[in-house]
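Remarks on the structure that follows.
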Amino acid sequence: MEGITYLFLNAMTVASILMVVGLGLAIIYGLMELINFAHGEFVTIGAYTLVAADLLGGSFWMALLCAPIVGALFGILMERVLIRYLYDRPLAVILATWGVSLIIRQGIQLTFGAKGFGVSDPLVGTMSIVGVEYPVYRLFLIVTALSIMATCYLIIRYTRFGLDVRTVIQDREMAACMGINTRRINLMAFSAGSALAAIGGVLIAPLGNVLPHLGLGYLAKSFFVVIVGGVGNIAGVAAGSCLIGGLETFFNYHIPVSLSQALVLILAIVIVRYRPQGIIPK
Amino acid sequence: MAAKLLETSNIKKYFGGLKVLQDVNISLDYGELLCILGPNGAGKTTFFNVISGTFKPTGGKVVFEGKNIAGLPIHKYARMGIMRKFQVPSIFDDLSVRENLAVAMIANRNSAPSNDRIMEVIDIIGLKTFIDTEAGNLAHGQKQWLEIGLAIITDPKLLLLDEPTAGMTADETAKTASLINSLRGQYAIIVIEHDMHFVRALNSYTIILHKGTNFREGSFSQIESDPEVKEIYMGRK
Amino acid sequence: MKWNPIIFRFKLPPTLKQLVDERIWLVAFIGLAGLLLAYPLWADGYSLNLVRDMLIFGIVALSLDWLWGKGGMLSFGHAAFFGIGAYSMAITSINLDWGFSSLLGLFASVAIPGIIALLIGYFLIFAGVRGAYFVIVTLAIGIVSQQAAISWVSVTGGDSGLLGIPPLGFTLGDHRFQLDNSLSLYYVVLTVALLSLLFLWQLSRGLYGNLLKGIENNEKRAQSLGHNTSLHLLIVMISSAMLAGLAGGLYASCTGFVAPDLLSLMLSTEIFVWVAVGGRGTLLGPFIGAFIIMRLQQVVSSISTGLWPLVIGAIFIIIVFVFPDGILPFIRKFVVRFKLLFEKSGVKHGR
Amino acid sequence: MSKKINRREALKTIGAAVAISATSFGVPTLLKAADTIKIGFMAPLTGFGALAAPYIQRPFELAVEQINAQGGAGGRKLEFVTEDTQSSTKGTIEKTRMLIGRNKVDVLMGLIYSMERKAALTVSIPNNKLLVYPTFYEGDECNRNLICTGQIPNQSIDKFVPWLMQNVGKTVYILGSDYLWPRTCTEHIEKAVKASGGKIVGVEYFPFGTYDFAPALLKVKDVNPDMVWTMVVGSDTSTVIKQYRSFNLKPQLVSNAVDEMWATFMPKEDLTGIISDQSYFMTRNSSANSVFVKAYQDKFGVENGLIPALAEAMYCGTWLYAKAVAKAGSTDNEKVVKAISQIQFDAPQGPVSIMACNNHMRTNSLIGKTREDGLFDILADQGMTDPNIPNCSL
């Protein structure tokens, strides 16, 4: 019983990380069908917001509030200066965002140095939950990720903006005909996606080391989460991240970690083979 | 007696609980022209999708030259001689008219590709002055004709035309009708349409499809004068 | 399945635009080939090795262009095929002590990536995986194969790679024929590069090129005309992987060394950039792109280590806006305009 | 001086860039001055290795400055060219070729990763150039053209394990990054632990970039060994240690990879109390070391003044080479290699020398425990250990 609880909590931790990063990606990718290779860098920007807050004497909680703003600002900048000219050239977007990703990574390295930063856990210690001791911060991470998920779901489901977004996902041209300002939706979605990635960065930072290429490692996996889950809906991201996080954690208990990570990716490919529209299609 | 070119028996196609086709039966001989008429939503395009391999039927048989062909990969249908023109023009936008036809021609392994044949087809579809134009830059009607050209260049046995006049001007529609009439006899052709005037111009054996079944069939004049057809079809128009 | 060679033989009479294209291509090709053939006359050993390696990476870029530019499928894990080719060469020729083992290694470096591409491609392409999905799945394949190369220490030597790959050669009786000097290796690589370039160009300028373009344009249409599009794409993918593998094999035997980062995502993205910069779909462009970017990277990184990623990143963005189709098409656009200005020919022109 | 060289190189290469054409590859090499010794220094200045690069770059520059201040090596001044390997095989090979072929350097120094070392050797061995390599690594190189100054497994483990068995406990759980060095070390540890009557109770390897170690850490919790030996490297080190602390695990953390560098990467409270074996700690109490630390911090400032064992090894390597050239009176490889095993350098870690049979350095084996400021309390100074590479006799 204890083992299963741990397995579940560990899987939820990994899933939460993937969820927050993947959610931002899902919004950008699902809505605009753009592959944003700089998405990982927004995670990095979020993490460095925390580092900057740390250096300036601020707290984790302040960074958690600031990061989405910083992320959104960078997102708006990128959309206005670059992406909006490239909506009809998806391949150019890959090249341009890869360029941006290099620039952001190196820019961060020049500003903060190549060395990593370790951020102290904002919540220290462990807590007893259904009979097991589990780190408080991880529990916080899981709860936060789930509430971000829920908030996004509510926004998409019940607000005017959400309705517009869903319309655009369904049929961009039709949405434009119906008087939805798709350019504005694009901008908002891009900044929202970037903001979410930045929050993800803050949340991830206390688990490990903050480095200029932190975000790169999450890029491929979060793409997979989105694809496996199903492009264009939030439930898909949740399902995809739970599936990948769960599989990875489960395998980790039984086989060598390198093998299990490879196995997860191979399984993801198999899933894409048989369910190209994702496990939860839109 | 030799087998018919195409026979379908009791074709059914369900999407979940939605029964789009239930019991569609047609039979077509070599060189014959058949029009399938029906209001929107009658299942015409679904029926085409079934006999050209895009969908596997839920039940029933599609027999082409004596063989049941339901469920084969799409490209096999073309190789057996079934060619299809889609409702929305579907051509290779970045290739020129000539290149479009050449790519269509080499799909069939039985005929040797030749420039003469390409020019011949360009003549038939009336795009002589546009041979090196990229297909994406053609006018809407010209795209439709090019697509018919793609379908006939390999001399198929059966030509499936899905609303060949959709979105055309009156003038273009008339030209299309005469184009189809000129092909009559060379290939078996099935046309699906909801435009009565166009079908009148073709004046062929006609089947009315309604709620996924054969509702009426007969010569066009018979169909036209049928009061029930008027009610379900023309009454709505 | 019946093989129909007509696809490769039949040709339409070219239009002016195509003629201009082909002429530019041929002029550039002959110029470049001539320059490279004569290059050893004045180059020192160091430069010769440098250009040789650039040529090898040019071949990899070519193989990606064949897949992406002609087949329409962008692989973001293309370094995996290159690296697998290099490892196949290394493992075969190090472990087999036999007169022909390095030749066998070269064969393995072509065959094994081909087989892997067959498996992956069968799984993906026949399932209808295209576009962005293909990009991401191949990206994952690259990551998995790099991790495999690091973890599978007993075979791959782990993170530090394998050293001591014998040079290409074979033993006949008591004689050993061996390619171990810079000059002969240079010419071997150059020959492979020029031949594969010419071959793929010849293949794609005719109807087969039109067919691939048509598949990229409107695959459903091509299918309903009777083309087995998945099979065509699979063949393109396999041949692309084999060419990348061959380049890997050559790289392994030229440098005598393989390491896991030859399969890395970093290298994959570099390859992608070479193709995008040179001009996707031009086959020759990727070579030019690889040369320019690699040279630029070396130069800038020797001047300032901190700046080169910034410079390279900025270059990508500039390319997207200034040369949207890459360098070679950019040049073409000018030549076409120039030609039309002076040749008031009656030939009809596309756009 | 190095600045000047760099600018000259820069002008030349800019010229090449301007005329990007094959012809520019043939720019004639500038004549080198015969009265200097030219060193090609390589480090992963960009890419994933960038975080460690300063720890070899700084001590190298310090050593060069000190040697030149003393009149150079055998009367010849040292000058150097720095090149970035871009943390990749391809980059390392290119830059090594460039240093040897274009810059005509006399010797190569630097590099951190095994992959870089091997890549450089593919070029340096055929060109008969000496490479001085500072990093601790798996210890299987046996080559006349390679001088290694970092600990190899037998030097960091053979004395460390008996000490641990006596002072910490008998059961060991090993966590490592999934690559060659931890695997080789594990073999050594297994042998040594068995010999001391202890037991390995678990071994686990993780691919680079693993961001969740919880499954393994919970297994550790189940097994409850006396100590957990971590050989997780790079930025993953801080991930594993932080998560170890967050799970509140009790077993003693030990390592042969943790050094002063980590204090800059991670919260010091997480680092405190780890026992590590290194050839050198900044806190070593000796006159040679206090002079070294002072010179280092005067040159680079206290904020850049952390000196891990890697840095000290680079410093040793540069000095040993200079002394060997002075003794040999030449930069000729054969002569330098012959001379280098006959000299001794009073290094901050203690008097070091190169073993003639395998070109590796005798290193110290210091056992330290991280304290609150990220430096180490030295628990034991076990003295010089000979590098042992089976079947190697040069």
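A, B, C and D are the chain letters, set down in written order, and residue numbers restart from 1 in every chain.
In this section, a residue touches a chain if its C-beta (ideal position, glycine included) is under 8 Å from a C-beta of that chain, and two chains touch if they have at least 3 such contacts.
Here the structure is a predicted model, which is why all the values come from computation and not from measurement.
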- Taking each chain's centre as the mean of its CA atoms, the one lying farthest from the centre of chain D is chain B
- Identity of the most central chain, Cα criterion: C
- Message: Counting only Cα atoms for the centres, state how far chain A is from chain D in Å.
- Response: 36
- Task: Take the average of all CA coordinates in chain A, do the same for chain B, and state the distance between these two points in whole angstrom.
- Result: 48
- Message: Taking the mean of the CA coordinates per chain, how far is chain B from chain C in Å?
- Response: 43
- In chain D, residues with contacts to at least two other chains: 46, 178, 205, 207
- Query: Which residues belonging to chain A are in contact with no fewer than two other chains?
  - Reply: 106, 109, 256, 258, 261
- Task: Mark out which residues of chain C touch at least two other chains, giving numbers and ranges.
- Result: 147, 150-151, 306, 309
- Would you mind giving me the full set of chain pairs in touch? A-C, A-D, B-C, C-D
- Item | Footprint of chain D on chain C - complex, ascending | 35-36, 39, 42-47, 49-51, 53, 147, 150-151, 153, 157-161, 163, 255-262, 264, 266-267, 291-292, 295-303, 305-306, 308-309
- Message: Help me check something: in the complex, which residues belonging to chain A touch chain D?
- Response: 6-7, 9-10, 13-14, 17, 106, 109, 114-121, 124-126, 133, 135, 137-138, 204, 206-209, 211-213, 217-218, 249, 252-253, 256-258, 261
- Message: Could you list, by residue number, the parts of chain D that touch chain A in their complex?
- Response: 46, 48, 50-51, 53-54, 178, 204-207, 209-212, 214-216, 218-219, 235-239, 242-243, 245-248, 264-267, 269-270
- Message: Could you list, by residue number, the parts of chain C that touch chain B in their complex?
- Response: 2, 4, 6-7, 10, 12-13, 15, 207, 210-211, 213-214, 217-218, 220-229, 348-351
- Item | Interface residues, chain D side, partner chain C - complex | 9-10, 13-14, 16-17, 20, 22, 25-26, 29, 45-47, 82-84, 86-91, 93-94, 97-98, 100-102, 113-115, 117-119, 121-123, 138, 178-181, 183, 205, 207-208
